[in-house]
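Common to both upcoming complexes is chain A, partnered first by chain B, then by chain C.
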Partner chain A sequence: MDFAGALSGDHLKFLFNGFMVTLYIAFISIVLSFIIGIIIGTLRYAKIPVISKVLALIVETIRNLPLLLIIFFTYFALPEIGIKMSITAAAITALTVFESAMLSEIVRSGLNSIDKGQIEAARSSGLTYIQTLSKIVMPQALRRMVPPIVSQFISLLKDTSLAVIIALPELMHNAQIIYAQNINYVIPIFILVSVMYFIVNYGLSLIARRLESRQA
Partner chain B sequence: MIQFAAVNKYYGDFHVLKDINLKIEKGEVVVVIGPSGSGKSTMLRCINRLESITDGKLTINNTEVNDKKTDINQLRRNIGMVFQHFNLYPHKTVLENITIAPIMVLKQTKEEAEKTAMYFLEKVGIPDKANSYPSQLSGGQQQRVAIARGLAMKPDIMLFDEPTSALDPEMIGEVLDVMKALAKEGMTMVVVTHEMGFAKEVADRIIFMDHGQILEQAKPAEFYANPKEERARLFLSRILNH
Partner chain C sequence: MIDLSILINNLDTYLEGFKNTVLSSIIALIGSFILGVIIAIFRISPLKPLNWIGTAYVEFIRNIPLLIITFFFFIGLPALGLTLSGFVAGTIALAIYTASFIAEAIRAGIQSVPKGQMEAARSSGLTYLQTMTKIILPQAIKIVIPPIGNQFINLVKNSSILGIVAGLDLMYFGDIVSSTTFVTFDVYIFVALFYLVLTIPLSLGVGYLEKRLARNH
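And then the complex of A and B:
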């Protein structure tokens, strides 16, 4: 093991750059999939004829495929039908598609968990369906969704490492390049990379816990 | 004011409401009693279309409730409803619970709506709870807030669906007192309940239902002294002699 060699200034900078790519890809995908997940989950909850059924089919298909396959598909198969993307765009697209499907299920079950009596009370006072959804059901459901949504975000952040397969220069990718030079770098680099993932993800779960206890 | 004409309702093959004919006048207090599963709550919930009817005609002030052209939200403004399980919004304060519909539906200003809300909170006896959350209140207090929430829309009709059935015995009185006061002020009320004392004291008319049918309609004194229907007699003997 060669800690000093493995963790040289250049290597640290290279790892840090990779980590920034990881965080950047994760952040964009989180924002996009959160928005799309809420829209799809709500549309499915609302049981709109045709639309809800079609969305159900799409969501179920995506949820039952491995993310790795979706990443491959986005980067290698889509160009065959004329959709070409950069590595970064492909990674964001694949992650967003997959995580939106996962989040939409969290949103849908969160909405379903709200007592029907709440809806009856609101509707019987003259509120429209949309008003009932946005003022009564959604705010209560969102509070319940916080823990599963955050844990989905943590998964997403870790899943960015799968994009190593299309050579996205994220943390795992850059780590590989470093330890490929020297077998003695492997363990030090793995330890450092683990610490980096851990700090961010553990931070996220602490935030989730705080949000949970505040609403209790 | 409320009129059922030959109303039937089915849940699939199950015939829940059978040929309901009922006319409720303005200012009348009608108490609906009967064994559980007799269709009392279903009938009540048809009035504001929480349940739809299968056939027949149901009108409120000559507006057909189940007509596609009827603006149901417009109709519901005018009908307050109080539920067995209160159904207060847990994420909103008492004041917000009461003001949300007046603000969103009647387009009142926040100040106006809060003034009205405080007026009705005084009326149900808990103005000091305005800024509490429902979970901080007792069951009786929650139900009184629910009544204030219904009244804040200044409805012509108030529906009560077993308003005291989920309450501890010592809290039933405070809710019934509010309802009695409301009845004395001339509110049109339809009340599904098992509170025979309330029915005797306040009702203008008792409706007895069983198996989806209205079996008997009578003034309370008449009904309790001499129920005509065998099933009503049996029901009363079970409820009163224990």
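And then the complex of A and C:
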């Protein structure tokens, strides 16, 4: 094992750059997924005849597929039907598709957790259904969604590593390039990369826990 | 349209991958459950050092990607002189990773049983072990089953990690089929269907248990 060689300044910088890509891709994907997740989750909650059922089918299908398959498919299979994307676009698309399905479930259960009596009260005091949703139900539900969304972001940060199969230059990919040079770098790099993921994710999980206990 | 002949002509290859995905999932499921129970016992144990080990395991493993753990067994151990096949390395990694989530689900379940029950049982003369097995665990198990079921669904999906380390699973054999047929789209649609054959019934089962146990509660 060669700790000094593996953890040289250049290598650290290269890993740091990779980690920035990981954070960047994960952040963009979670923001997009949040927007799409809110729309899908609300449409499913509102039980609009055909639409809710179709969305349920799509969400359940995506949630039950491996993310690795979705990433691979987006980059390697979609070009066969004419949809060609850059590596970065494919990574963001695949992660967003998968995470939107996950977040829509968080949104839906957040909305469902609000007491039905409040909807009846709001409706009978003259608010429309849309007003009730946007002014009464959604603001309360959003607060309850924050901790599970932070947890989902942690999963997403970890899952971004799966984009190594399409050679996205994120942390794991850059780590691979470094330890491929010298077998004595493998263990030191694994330790360092694990610690990098751990610090960020553990920090986020502490935030999620604090938010949860504040609400309880 | 999707070309069905790809599925028919390569059915044996697909089934070989499907078999290995199922096999890896079952082995990892059993392994992660046993390991998860041990870690959960560590975490709630009154002995401080065991407690630390349990907490360190759960917090560390949960917060790093499964891919690193897999690469550790597939690339890291060979660097130290121990070579494992992709299937073995991936399956061990799956078990170790999933165990941290199962341990956490079990701990949460056990701790959701009110503390007063432990005190009441202990003061009425039961030992710690008797209290655990007769009073606490039977109640905790109801709370714990749905989250553990969800972890098993995740495990089946995560088993696709074997594809990255040539672990002979569905993803791996999908790659073989697509390199012989020169088709990717149709080939992986069938791979996806094979995964859904496993995960959809599991999801429905867990959903059903969740509803039933919630009603009894």
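Throughout what follows, the second predicted complex is superposed on the first by the 211 of 216 C-alpha atoms of A that agree within 3 Å, B and C clash if a C-alpha of one lies under 4 Å from a C-alpha of the other, contacts with A are read in each partner's own complex, and residues count from 1 in each chain.
What we mean here is this: a contact is a pair of C-beta atoms (placed from the backbone, for glycine too) under 8 Å apart; a residue touches a chain by one contact, two chains touch by 3 or more.
In this text, all values refer to a predicted model and were calculated from it rather than measured experimentally.
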Chain A as common anchor, with chain B and chain C clashing or fitting: fit
Vertex chain A; arms to chain B and chain C (CA centroids, nearest 10 degrees): 100
Contacts of A:Ile51 with chain B and chain C, given as first, second, both or neither: neither
Which of chain B and chain C A:Thr128 touches, first, second, both or neither: first
Touched partner set for A:Glu120, first chain B, second chain C, both or neither: first
Touched partner set for A:Ile207, first chain B, second chain C, both or neither: neither
Comparing the two partners chain B and chain C, which touches a greater set of residues in chain A: C
First, second, both or neither for A:Ile136, with chain B first and chain C second: first
Minimum Cα separation, chain C to chain B, after superposition on A (Å): 22
Intersection of the chain A residues that touch chain B with those that touch chain C: none
Chain A-facing residues of chain C, complex: 59-60, 62-68, 71-72, 75-76, 79-80, 153, 157-161, 163-164, 171, 183-185, 187-188, 191-192, 195-196, 199-200, 203
Chain B - residues contacting chain A, complex: 48, 50, 73-74, 76-77, 79-81, 83, 85, 87-91, 100-101, 104-105, 146, 149-150, 153
Residues of chain A that touch chain B when the two form their complex: 115, 117-118, 120-128, 131, 135-136, 139-140, 143
Chain C-touching residues of chain A, taken from the complex the two chains share: 60-61, 63-69, 72-73, 76-78, 80-81, 154, 158-159, 161-162, 164-165, 172, 179, 183-184, 186-187, 190, 193-194, 197-198, 201-202, 205
